[in-house]
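Below is the structure I would like to discuss, written out as structure tokens.
Here the chain labels run A, B, C, D, E and F in written order, and each chain numbers its own residues starting at 1.
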Amino acid sequence: MFKSLVHPGSFKGGVHPAEAKELSMDSPFERMPNPKMIYLPLSQHAGKESKLLVAKGSLVKKGELLAEPDGFISAPIHSPVNGAVTKISKTANLSGVPKTVIEISVSEESEPSYLEAIDFKTANKTELLDRIKEAGIVGMGGAAFPAFVKLSPPPGKKIDKLIINAAECEPYLTRDYRLMLEYTDELISGIEILMKIIGVDCVIGIEDNKPKAVEILKNKLGNRTDITVRVLPVKYPQGAEKMLIYAVTGKKVPPGKLPMDVGVVMQNVGTAISVFRAVALGEPQIEAYVSVTGGGITKPRNIIVPVGTPVSEILDFCGGLKPDAIKVVAGGPMMGNNLYDYNAPVMKATSGLLILTEAESQPGESIPCLRCGKCIEVCPVNLMPTRLSQYSKLQRFEDAEASGILVCMECGCCAYECPANIPLVQWIKLGKKEVMKIKQQERKSA
Amino acid sequence: MELLLIFLSAAIVNNFVLSYFLGICPFIGVSNKLTSAFSMGVATTFVLVLTAVVTWMINNLILLPAGLDYLQYVSFILVIASLVQFVEMFIKKTSQPLYRALGIYLPLITTNCAILGLALFMALRDYSMMESIFFGLGAGTGFTLALVIMAGIREELELADIPKPFRGVPITLITAGLLAMAFMGFSGLI
Amino acid sequence: MDTQFLIALATMGGLGFIFAGALAIADKKLRVEENPLIGDINDVLPGANCGGCGYAGCYDFACHAADKSAPSNGCPVGGTETALSIARLLGEEAGEVVRFLPRVLCRGGNVEAVKKYSTYHGPVTCSAMDLLSGGDKLCFYGCLSGGDCVTACPFGAMVMGENGLPEVIESLCTGCGKCVKACPRNIIEMHPANRKVFVFCKSHDDPKTSKSVCSVSCMGCSICARKSDGGVVMDNNLAIIDYDKLELEKIPFEKCTTKAIRVIEMVEK
Amino acid sequence: MSKSNSPLNDFMNGIWKQNPIFKQVLGTCPTLAVTVSIVNGVAMGLATTFVLLFSSLIISMIKKLIPNQVRIAAYIVVIATFVTIVDIVMKAQFPDLSKALGPFIPLIVVNCIILGRAEAFASKNTVVRSGFDALGMGAGFTLALIVIGSIREILGSNKLFGFVVLPDTVEPMLIFILPAGAFLTLGILFGIANNYEQKKKDKEIQKAITAERSTKLVTAPASVQTETEEA
Amino acid sequence: MDAATAVELKNKTILTSTPHVHSKLSAQKAMWLVVISLLPPLVMGVIYFGLYQLVVVLAALAGAVMTESAIKYIRKQKITILDGSAIITGLLLGLIVPPGLNPVFAFIGSVVAIGFGKEVFGGLGYNIFNPALVGRAFLQAAYPVAMTTWSAPAMAVDTVTKATPLSLFKFEAIASKGGVDAMSLFLGNVGGSIGETSSIAILVGMVFLIAMKVLNWRVPLAMIVGLLLFSGIFWLIDPTKFASPIHHLFMGGFMFGAVYMASDWVTSPVTNKGIWIYGMAISLIVVMIRLFGGLPEGVMYAILIMNGFVPLINRYTKPVIFGAEK
Amino acid sequence: MNNVTKMLVTLVVIGAISGGLLAKIFEWADPQIKANAQRETERAIFVVHPEGKKQEKLTGIPDELYKVMDDKGNLIGYAMPVKGNGFQGVIKMMMGVSPDLKKITGLTVLDQVETPGLGSEITKESFTDQFKKVDPTPAIVGKKGATETANDILTITGATISSKAVVKIMNLGLDELRKLKKEGKI
């Protein structure tokens, strides 16, 4: 009934954190000199860890395949540098879970061993798809879902729209913005490849705080009708999959369903560019485009580094931390992972490194819920975060599941807004984990 | 109109639980879960109405004509005890799901003073058959209302950091006290 | 005899007759059979509804025990006495109830375990800390010191020691196993009370890493495995005791530099 | 076990260990309703004790004769009979008290204490033990009523046993003789009782903890122990 | 990383869950904003009823703060006076008692408000009923005479009687025409509790709180709409017998209740739909009690009763999960 | 003896014993209970007619009404039990009036469940004695704050409703008496 009152193309709820994009939005991408050591985790994507193909002592070339996918949802890993494998161990990746890591000592640049370039205008659908798979391209939106999986929907699903996520709704981050400004042609070609694969039209969803990017895209696209730009109001999490689909198509992805269930495939700006490079240049996904920003870093900037570069090197490259930095985050401020080990490597889907000061992050003691209802008001998927977190705290996981805890996408709006400073997202994540565990057990016993 | 007033009076203004202290045991015992509170309320309301009818008949057709009003307690409670047992057996036989939902509370109803209280109030106030039924219905509704509010609050309180000695019965009593205080606002309404 | 007296007599007698009759008929017509054993068994159970037996509360266990789908010694809380009572009710002899106790198989307390650069801010429960790669400690396998097991214990038999490691108060422990389920790191295990030798570490880290994160970890040197003829086996950098083949004398306790493999002993003061 | 079977023990049980109000949460309705003053509390307590005693005696006497299906009905008729006797006698001999206790005398019938004890104790034990148990329960109930009654009377009307005990300048808090005050008073008393029990339990646990800590060591077996270990 | 940075970071950086940024409105700040917003009604109360009212308010404040500290001390918890919540409770209670009340009573009321209304449930965030109203209802039941003795505003030009407009209207059947004009009701130049008479001061507080995003504007709006609706119906039926909706709006503690009491975060529903139901229901009960009940004013009881219903309202106004609607 | 018969016999026997026992006890207590009630009524009658020495229940009218005489047997007034709804429940009172119904001789509250300490103040003499002074024709009026005419009764602070209920009940009782007088029944 009230639909008409809502800003067209927007969802209910959401928050408006300080955008803080000005810190790095005007610095063009710089290529950082190669580090001495590269730490390459075998699990840089959603799904199974890849299968190792090299051993300690192997000499590897830039672009060489080091690990192959293990199962359908998995991706290959290529060497981002020339060098020698010095060690294969289990250490923490960015999310702090012990995973297999290949350590490579970097040697001189020489001729990379890339894949063969393909002319995407003449290549057929399967060739293109295979290339995306071979190049190990993962979604750059955050979840790092292997790109080709999304691009090959099961037979029954009819896809009618490709959406390019250029919203970049996370505050601070400017990677996608810079990519759109500096790699506009690559982006458009990448989109064309994606469109060719799934055979549909494309909409680029972009927040209206990036007028320059909108302008340049509109200029380049001219009067094209197959690729259009949709400008959306600034509101976090406008770039969340479900929210963006709703904004562009008006369709709501039901709980437990995927975008393809409503006929949509969504890819990130960065993904589209990687796709282009993999196809047109034969370059596997071995480089990360990262915004290094926040009030706690001396020189905020956007950089290009080989995947596997340790965070500490990047921090040094950016002038080191300011004395009032208290937090290093991989990803955006709303959903990124807090780092504690600065030797952790940058991964394929790492979009930013954020160094926050106390004034920015405002950590505070949490007090009991005051039932102000703000979390419910801002929840974009209409959950009751306070309830969910309480259930999870009291280990009432059945109640939590019944209240829809699995629908939560951990966007963090609730915890951002919570005046009582309750770590709602942490509790909900815990609840989700336990609910999944219980469900798995049920499935096993059934 | 008169009947409606009797109903409202018993349900809200002179709520059995909150102002007459009738039915406190189940009020404390069964108000920890909303679903069971509601079931208990419905079962009690049912028995209340049934009791209203049967005790009215016994009182007005047997005891009063024979001048045996001192036998009220004995005969009323006999009626109630047997009725409750009968209803329990009946539900158990006819519908297992209903029994599981309501039946387990039925034995508690015998000693629910709300029932005997109702029968005695009716006799005291000379209610007609119709009035008695509405009175029973009102009392039952009031009981259910109090029980359901309490259950809602208690489910909420499960999440609260209540000082340990006050968990369970004490906090229920205190909450009931505060509710009773709030319901004082209705006094004089009818 | 006056009439008043007789009327009263007759009224009450009559009412008694009517209701007894009604109930008698109802009893005949509406009877539903239920195994009387269920009630009897339920009576002898402790009634803590702790779920240690694996059923949803004491009554549920009674239902299952009555039709013998649960063993008579299935109640870990009640112990031998309850088991015997149930067995007697069921007309069978109870098997020997072996007492199980939880053992905390990590000794990386606040002193031994190495801390991270960052201090953890957030709810102090193991499960919540586990999500953030484990609170303050660097080890991925060890005790988080959040006390989830302490909260989970319904009998107050778990206490958090000064060093940030939980301790089991054996005299209060009923062996219900709730602490085992509560531990997100799976370092608490149930063992027969008379079992005394354990490897107090769960870390699969390679020797270098495990040495760098904790001073009492099992580094996977495998000396004990080599000397104990199958009593200890190695699994991915961690020594695992095979209790069927264990011979206490063969374990080279003195060779274990981190003292990860140890014996629990009761010493009178 | 033999000690707990003694009649004295049965009696003492009711006073605190199984106090009908604070431990078993039985008979809350009359507790809340009549405790506006001590006198009422005492009267109610005595009346209840009387009914409890006689119905327990009778029920434990006839328990074997009653078929299970009419057990409750038969018990409750016995109870109701004694309640009626109390009521009639009170009306005849103590009309004022009868007026004050009003409709709550008949409700003794459904006081869960009585049927509860009949079910839980009298129907399983000998006449003598049932008698002592009933007396104990009655005494526990009466004591509880006196405590609650005195608090409510002092706070609510500045009086004790009907005599003014506090100076006039202290205005009585009327709420304590209203229903809401009854709930609050009982709630607080209940909390205090729980607190007492809790403390006792905590002490026991603490005892077990200290006892155990002094004896437990994690070490290599004594035979191969090479160095002293921390406790 | 160079060693200097590492050493610097050690023991200084923190590890938390997402999100890593946070809105500026903390609970503590919100509480103090409420305290500030209570100043206009307090000032008006002192202007109308005299400086003595400060003593009453301070007694209530002292009761609240001392009780909270004592209980926190006994429970061995952190003493949380600085979060402002006990101060709000004390201040609120002080403002809703009759002017000239014995400060001892105000103190007792605050003790009960914090003790029974809040701490017994576990303290801030866990209470079911609005603590200040619990204290007020307790006083009303404990000292009914003192709590219904109203002194006239000292500054009033046309001192009517000692009675409040509400009780005039209730017991003397002085409806809108004969009694008090709407303007003095609006300004607060009438009998009533210390802080509740001046609607204009309350409106100032309301605008401030809404602007600071502390107050959910739906609460007062729902209540006002409900009140105008329900009292309007009766007024239309018989304008000589029932007071006009405007009078109802500004009479007694309605505005104060709508802005400061019903809107309390902890004791109001968490969903916006729930808030509409809650607000309208409060108004319905207020109108019923005012028009037909035994008491002249029912705002306090109406809010307390609906506080009791809040858990149920929350449960049945759960929002429909995104994408799950059919 | 099978179970059904056993059930029947048990309940019948218990019921009969109970009935019989109670009948006997009631028989013993009944006169005393009646006497108590009688004494109560009489006490009330003489409270509202302090000079009264004898009383007699009037028959032949639908209402309960007592004639009160002094020791010489002269009619000094009537006493009438009246009742009606108060704030919380029924208020029962005994009201005494002069033979010409122009003057109230006294009032005492027999039974009430008003709010303790507030509405229950209506039982206090400070309240009931006011009625002796007022003019009951045409009707008594309850006033808050201050009395103005001879018909006014000062209501109790905080218990306006209870006070007004008493006034209302009195007026109804007086009307009833006036009606009886008019009809010549008294």
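Please note the rule applied: a residue touches a chain if its C-beta (ideal position, glycine included) is under 8 Å from a C-beta of that chain, and two chains touch if they have at least 3 such contacts.
Here the structure is a predicted model, which means the values were calculated and not measured.
S.K.: Under the document's definition of touching, what chains do chain C and chain F have as common neighbours?
M.R.: Common neighbours, chain C/chain F: B, D, E.
S.K.: Going by the average position of its CA atoms, which chain sits the greatest distance from chain C?
M.R.: F
S.K.: Go through B-F and B-D and name the pair with more C-beta contacts between its chains.
M.R.: B-D
S.K.: What's the distance between the Cα centroids of chain C and chain E, rounded to whole Å?
M.R.: 49
S.K.: Between chain E and chain F, what's the gap in Å when you average each chain's C-alpha atoms?
M.R.: 44
S.K.: Can you work out the whole-Å distance between the CA centroids of chain B and chain E?
M.R.: The separation of the two C-alpha centroids amounts to 34 Å.
S.K.: Going by the contact rule already set, what residues in chain B reach two or more other chains?
M.R.: Within chain B, residues 70-71, 74, 78, 82, 85, 159, 161, 163, 166, 171, 174, 177-178, 181, 184, 187-188 contact more than one other chain.
S.K.: Two or more other chains touching the same residue: where does that happen in chain E?
M.R.: Within chain E, the residues that touch at least two other chains are 6, 9, 13-17, 116, 120, 122-123, 126, 138, 141, 144, 294.
S.K.: Out of chain A, which residues touch more than one other chain, so two or more?
M.R.: In chain A, residues 338, 340, 342, 363, 368, 423, 426, 429 touch at least two other chains, as defined above.
S.K.: Report the complete set of touching chain pairs.
M.R.: A-B, A-C, A-E, B-C, B-D, B-E, B-F, C-D, C-E, C-F, D-E, D-F, E-F
S.K.: Quick one: which bits of chain C touch chain F in the complex? Just the residue numbers, please.
M.R.: Its residues touching chain F are 2, 4-5, 7-17, 19-21, 23-24, 27-28.
S.K.: Using the touch definition from the top, list the residues of chain A that touch chain C in their complex.
M.R.: 89-92, 95-98, 338, 340-342, 363, 366, 393, 423, 426-427, 429-430, 433-434
S.K.: Sort out for me which residues of chain C touch chain E in the complex.
M.R.: Residues 116-122, 128, 131-132, 135-136 of chain C touch chain E in their complex.
S.K.: Once bound in the complex, which stretches of chain C touch chain B?
M.R.: Result: residues 4, 7-8, 11-12, 15-16, 19, 22-23, 26-27, 29-32 of chain C touch chain B.
S.K.: Which part of chain E faces chain F closely enough to touch in the complex?
M.R.: The contact residues of chain E facing chain F are 144-145, 147-149, 161-163, 167, 171-172, 294.
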